[in-house]
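Shown next, in structure tokens, is the structure this report addresses.
Note that the chains are named A, B, C and D in the order they appear, and that numbering of residues resets to 1 at the start of each chain.
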Amino acid sequence: MTDVLRVGIVGAGGYTGSELLRLCQGHPRLSVEFVAARDNAGKALGDVLPSVLGVPELAGRLLERFEPEQARNLAGRIDVAFTALPHAASAKVAAALWQQGIQVIDLSADYRLRDAEVYERTYGPHPHPELLETAVYGLVELHRDALRGARLIAAPGCYPTSAILPLAPLLANQLVELEGIIIDAKSGVSGAGRKPLPSTHFSECSEGLRPYKVAGAHRHTPEIEQELGRLAGAPLQVVFTPNLCPMTRGILAVAYARAKPSTTLAQCVEAARQMFGSTLVHVLEEALPDTLWVRGSACAHVAYRIDERTRTVLAMCTLDNLAKGASSQALQALNAARGWDDALGLPRIAMFP
Amino acid sequence: MTDVLRVGIVGAGGYTGSELLRLCQGHPRLSVEFVAARDNAGKALGDVLPSVLGVPELAGRLLERFEPEQARNLAGRIDVAFTALPHAASAKVAAALWQQGIQVIDLSADYRLRDAEVYERTYGPHPHPELLETAVYGLVELHRDALRGARLIAAPGCYPTSAILPLAPLLANQLVELEGIIIDAKSGVSGAGRKPLPSTHFSECSEGLRPYKVAGAHRHTPEIEQELGRLAGAPLQVVFTPNLCPMTRGILAVAYARAKPSTTLAQCVEAARQMFGSTLVHVLEEALPDTLWVRGSACAHVAYRIDERTRTVLAMCTLDNLAKGASSQALQALNAARGWDDALGLPRIAMFP
Amino acid sequence: MTDVLRVGIVGAGGYTGSELLRLCQGHPRLSVEFVAARDNAGKALGDVLPSVLGVPELAGRLLERFEPEQARNLAGRIDVAFTALPHAASAKVAAALWQQGIQVIDLSADYRLRDAEVYERTYGPHPHPELLETAVYGLVELHRDALRGARLIAAPGCYPTSAILPLAPLLANQLVELEGIIIDAKSGVSGAGRKPLPSTHFSECSEGLRPYKVAGAHRHTPEIEQELGRLAGAPLQVVFTPNLCPMTRGILAVAYARAKPSTTLAQCVEAARQMFGSTLVHVLEEALPDTLWVRGSACAHVAYRIDERTRTVLAMCTLDNLAKGASSQALQALNAARGWDDALGLPRIAMFP
Amino acid sequence: MTDVLRVGIVGAGGYTGSELLRLCQGHPRLSVEFVAARDNAGKALGDVLPSVLGVPELAGRLLERFEPEQARNLAGRIDVAFTALPHAASAKVAAALWQQGIQVIDLSADYRLRDAEVYERTYGPHPHPELLETAVYGLVELHRDALRGARLIAAPGCYPTSAILPLAPLLANQLVELEGIIIDAKSGVSGAGRKPLPSTHFSECSEGLRPYKVAGAHRHTPEIEQELGRLAGAPLQVVFTPNLCPMTRGILAVAYARAKPSTTLAQCVEAARQMFGSTLVHVLEEALPDTLWVRGSACAHVAYRIDERTRTVLAMCTLDNLAKGASSQALQALNAARGWDDALGLPRIAMFP
């Protein structure tokens, strides 16, 4: 096959990096040619990510240190870069690579928001506000056309993906009211990253379930509102509650919205079916979703119910926060940008159990 | 001490039974004199509940089979009975014991609802509807006066306790609207009981998080509405969503209600402080609650936040579903009925971690 | 590619079946054409294994009921069958398919033992003892030559694989004594299968760690002794202790053997390197193995240490019981039988975390 | 009751401190009067250990900073101190308190070894080697007489307790050979303490099982050999393998020893029964032990089997590493020192599940 893309991963030592490597290995048109990490530069990849020990040509590769000013060196070496660094740092690296003509899929929050002021309120000053309108939000199910040929792609956050997917068909089809949307999302601990913290210490996570950054404090809230507002054709505000759940992978979002007077469950389901032509979002009908059913897979599941007594629509979604919530989503966006099938090279069967 | 009560437990082989035994062992005025179980009658208690092997006088005791018509035999043998059987069965046993003058704390759903019609719609015909108005709902924080001297007590369900406690001060003080209350509760797996089922199989619970019986389908919904409606002084309807979470113990309920125009966070917190004079419900201020902090303890934690953008009150609660959600709640109700201190003999320090 | 093999899976509704489907989906030369299950015949595969919902052409396929006498119907329909039924049942189905010229990889214990008497003592009478010498033990690292072209392959058990792999280089090279070998193996719960049992109930597995079937009682002991004795050139007996560990996937075996007087750690490591030319067994040197590092991957890790004070060799191995301990091992054996690269189409990067 | 002892805890902010507080709360003759911690001095106890929030008089107490030179200040304030600091630091604090006439139960490793040279090889120079022969090893089942009236007690380590208890009756009764003893122990993660580390990060512990510090590298090995050698009447060496297991609490030790020619299983069981008159070690006969059965309890379980083919005795033990492996053991030793019943105030029923 002539068009195998040469891939670079900047930020390969964390969990999204590990998952990118696993997924690239299974993709027929990608070949990982460059891996960099901040804290572990100089070490062999296999010493940092023991999951790759079975692939000696990867395991022995040394993690490089990579700064934006070195982007020129990568110009002829890679075709596409996945950047997965902390915010602001990621923006700089991504911009530098993009300026060298390298296609960039950034997994940080840096290019997800359209409005530089909203970004600044949430994360601080943006290093490259001029690129915000160039970047395309990499949720393929909603931005397929814009992604075609895109060279700077912002892979969506895990929580936003789980919140946007189930609500999108309802808002796009005026099936629910814009006011009063509540999203109660529950995430596995890997979403908090690889750095050991008191809040991610095994003995205090196991058997521990807790809400955090509630009542508008979580940084993913503006991203959710941006995308949902765009679909609804009007600005809206949501209550977003993240909860930390004693499991490693997976997000379950349960969203609550007030049904419009004539809305039926069948309409909700049909709207979702229409919107998700993609094979990577599956609309459940009889079953309710379970994070275990999508673990390790590039698929998300959505499901709907109406509480008829109160006329509340429940829009539910499960996905693997490191796959459809991060790394497989990035590859899916790349597939879409290149005009390939959404699911090319991506795992569609979950690791069960 | 002269007044040690002789205790009988009917339904000792399950998880609430196991927890009752643990808690009675630590209580200075209770002595377990009779243990019965349906499926394991004839076996030694220690063979059914290996957790009691450290107490030979309990471990060697044989589990008896107990039918309502044998209640007379227990009349002089025990002073108080905890009944923890499936619904309908529990009602019959509890009634028979009560008729013999034995004080009964029933841990099933049978005597929790005031309205026999509501019970019938939810569980089927009630064997003793005439006792529904005699029974007192055993949530001490709300029914302290009625519990004093009560001889038939319905220990509340685990989900209802977690939903009612945080909302009670808000509704009793008209701090929130009655319409639009949403309760998203997450429970550990022990709430599903001891019987092995596909839904409680380790390999499909671990790393699995799922909603179930949503949109009004869960049987605890009427119990929640009964108590909240009573506090509000008007009937109300809630959206109640239970979620199964990969941990053994613990419930986290996050309730959402629309703030009245002038409601402040300080008012919510103060209302809770006023209501929960009891040492067994602690109002958190800076911290958000965590199930791990109450595991194995008789305490519940509640906390409040207001999402000011949408004027939504978040009322949160954590408790141990087998303790404050079942067995320690039953003992707390007994303490209240006897005029003892709420916390007498109950663990107030959690097993952490 | 012209030679895509048509695959049938008999026993598709369990965990090894689920894993076979996941792995076949990623294999470039396999196409699943037939799926059967005993208990769930007539249901759609996606209703039994929700992990395949992302592949509609699989999810919608109906699980067939399959009895040995129907083997003829499959003759022209599939090229290779994976059979994963309870012992004795699996033997019959495998034999019937084999007689129709279909290549069979059996994942049960039925064709693993060479000696029909040993089989009978362990499992009861063998339905097809005449096939025992035809079947090849599918541990590619030890039977590569015999597997080439094999048409009846017995995929090894999960515990035996974890015990045999680390000890094989030591015994084949006379580095340890034959007497006094102790194997202490710890397994995740998925090894116990999909049927809900008290011993696999979430609430009693989580935070529960226990030995079971110790002191020669576990059925995998003869299989371990057969293969190790063959390598040692003399019969031997091992102490094998299985332990159930609160995790879903993974086995860690720690084997203890007395070092021969001149044995060095370097010799042990070198012997392992020589034996495992295969890319699917990786010899760790500095690190000790961890089940998380091989989860979902077709790789096993082995490591060695010598306790110099007592001259005891520790031979350690980790693998995924459903992958290298079952399903990926079966595909690896098929690869070897067909003369393909061992790792063709198999995941070599673990799902981490 | 006149003789309530006033308790001080130095090192109250960690997991053994948390467990000491829980257990002291349930003990009728102990009252916690002083709490100190190194890292969290100045904070309210309830902010550091949210498990105590249900006991306002504890939760509001400020954690003090405590240095050895302040011991005089505590002289009239507390009767007994539990010290739970890192090694060397604990020795200094314990010695200073002991010199003030305060009874000290030290939970560190500092006073467990009788031989200062062995201590130095293992941990570095001992700050108070002159006290080593004064200190009594606090394993009540083995040192009951010496503990009576003891004022400086070294509470045993969690791994040593789990290894010594099951082997003690065998060695004391010459039922097994001294050579070739192998101990394969599996521990929950709380044994690693409260400080977040990569090795205790939730996402890398869950589903991860791994040996560590094998082949004599673990510091608990000399402590095990000291006590077992004392019982055997001759020095001996063991192979000790610790494994980290994805659960919070619990240790399972499986020890392997060669049976003497005439040794029977009945002799092993009887020897254990004779030795463990204490109600806090229970000898299982039909069942094999399970960590879940002793979680949160002061009890240990031991069980025996003989692998007759190889004449290997399996001596198994389960206990809660934070209770019988640390904090309840410390209280049990205090009970013994004071002449109280072993189990006074200690939980003997496990938290199950």
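FYI, a residue touches a chain if its C-beta (ideal position, glycine included) is under 8 Å from a C-beta of that chain, and two chains touch if they have at least 3 such contacts.
Since the model is a prediction, treat every value here as computed from it, not as a measurement.
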item	value
Set of chains whose contacts include both chain B and chain A	C, D
Chain at maximum distance from chain D, centres defined as averaged CA atoms	A
Distance between chain centroids, defined by C-alpha means - chain A, chain C (Å)	35
Geometric centre distance via CA averages, chain D-chain A, whole Å	46
Cα-centroid distance, chain C relative to chain D, in whole angstrom	39
Junction residues of chain A - those touching two or more other chains	15, 188, 190, 203, 206-207, 246-249, 290, 293, 353
Parts of chain A lying in touch with chain D, wherever the complex brings them together	15, 188-190, 194, 196-198, 200-203, 205-207, 246-248
Touch list for chain C against partner chain D, complex	179-180, 182, 184, 186, 188, 203-204, 206-212, 214-216, 237-239, 241, 243, 245-250, 252, 254, 256, 258, 288-293, 295, 305-310, 312, 314, 316, 318, 353
Chain A - residues contacting chain C, complex	15, 18-19, 21-22, 25-26, 49-56, 58, 190, 207, 248-249, 279-280, 282, 284, 287, 290, 293-294, 296-299, 301, 347-353
